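So that you can tell them apart, the chains are marked A, B and C in the order they are listed, and the count of residues begins at 1 in each.
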């Protein structure tokens, strides 16, 4: 009999790195950020960039039931059985931080039903600057803001901007039209985040999501090492 | 029928049996008084019985029992000649109406009585217990109308239990009227509706192909139960609209 | 027994998934049946005496150690709406996870093994109460309170109802919650002696029908 039999029981209760059968579970990466900053578009682009090299799945947390999941289904970025929508009762930040039970069920069901998986992307519903993922749910998190939301967002900080493992400043192609100063955003982000990485991206043209995809690959190498 | 100090005790008992010639015989057809029974012309293999109440009832203190046993391969249809009205009685205490039905393997029961009307001041407890064999078939309708036109309802509680092959698939109690637990007429209960009813349909084929859940407007839903059975639950402003909803739902489930 | 454990289990912040469910309030709000504090109170009262009493009795019986499989079957028979059966099992599974992490116990592990996709939430609640060192009374109170606190907090979000008004509704229902918890514990004790048929079976027709109407919507805020 094992002294530590925490993995012999039925399904795991929290963020254990091993599944009940002892295999290593998929890496879970959360994507959060304000409404309209391009979270779903980034998830779609990541799926297209990574789906040929990795076994992946997506969990969405929508304010209105299944909108983001249905966008991903329409865009056909993954087969439908690899996309799950969690219903959040008008509080998407609660479902990714304070009460992660529904999301944990969703990631475990995906691993059981379409696994083995290398990577699960957990997308938060569009929320405010304070919404972050629980460490019980994801291994790393990306916070997505955009230049059109105001170039003072990095300066203002907040848990998402300051502590996310990766900050993505999206829609850089719009900067000239909305009067956002990219170098100022970069300097403010550096001041808030010290050594934590920042990626500026535009999904409307090359290199698109490549920077974020590279970062995800590096996370995955570290996870499976 | 006996009249005791506590009110009237009445019993009706029907046994339906496959007559071996493609029809159904009724070796037992016992009833009387408020629970008189009459055999009417059936259709095909089905025997048809009508409950003809010779007096209105049940009144306070009365205790009525109706029992029907459908044996293997038999087919029985039971209806009633008119609505049953629960009235206040001279005897103290509540009235009880007990229905005990059984359908053996290969048997079929269509239990389609008219409405039960809960008149002001009445106090009636209805219990319905149905045991259906694994390959038995059932259509059961119950409709409750709260008060005659423009009248406050009496107190009514109705509990139904249906089991299929020994396993309970439905256990439900409705309590309404004065003295019922609070909120019965509110937005979680009847929402001001004065007619409430349900259909229970048991068919062996539902085990492999359960009905799909669906709604009929805001006041009715067809729901697959946890077993080879379906429940149609409906509320409506009056008895006529309620019957319309239940008929529509039954039609949507196809013929038995 | 630690009475404070009840506060942990009954806390609305206990991470067991309740926040995503409205207990039927979203359907009732959309249908115009809940429009403010008075109709919310009437809704909650009706739910407390039907689904709430059934849930509290199941929880009390489970807390007394009655076989979970029998109780789960009894819960199925008392929940005609398939949308509500699904929601009940989903919430049960989420509660199982939270309870196992909070109060590790062999009984909870065993329940999770027998119901990998979840048992009905009140059954899990009763076993969780046992694991937390609580008894049938506490389990019944917890279920009775949840049957009304969920719709109340959902209505605050759905109607922008004054949260003080919603909380006052819960406070006014407190004496009735006491009675429901008492009845539930009595029922739970009868179940120990005479089996699950002793459980109450109260139903609110519009709760069941409304749950099916709600499940058919393409767009909604709450899962049930």
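Basically, a residue touches a chain if its C-beta (ideal position, glycine included) is under 8 Å from a C-beta of that chain, and two chains touch if they have at least 3 such contacts.
Owing to the predicted nature of the structure, the values given are computational and were not obtained by experimental measurement.
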Can you figure out the chain closest to the middle, judged by Cα centres?
-> C
With chain centres defined as mean CA positions, report which chain is farthest from chain A.
-> B
When centres are defined as mean Cα positions, the distance from chain A to chain C in whole Å is 32
So how far apart, in whole Å, are chain B and chain C when each is placed at the average of its C-alpha atoms?
-> 30
Geometric centre distance via CA averages, chain B-chain A, whole Å | 55
Of all residues in chain C, which are in touch with two or more distinct other chains?
-> none
Chain B, residues touching no fewer than two other chains = none
Chain A-touching residues of chain C, taken from the complex the two chains share | 13, 15-22, 90, 93-95, 97-98, 100-101, 109, 112-113, 116, 154, 157-158, 218-223
Which residues, counting only chain A, touch chain C once they are in their complex?
-> 9-11, 13-14, 63-65, 67, 86-91, 94-95, 98-102, 104-105
Chain B partner, complex, touching residues on chain C are 24, 28, 31, 33-34, 39, 42-51, 53, 73-74, 76-78, 80-83, 85, 176, 197, 199-209, 212-213, 215-216
Write out the stretch or stretches of chain B touching chain C in their complex.
-> 159, 161, 167-175, 181-184, 186-191, 196, 213-215, 218-221, 223-226, 231, 233-235
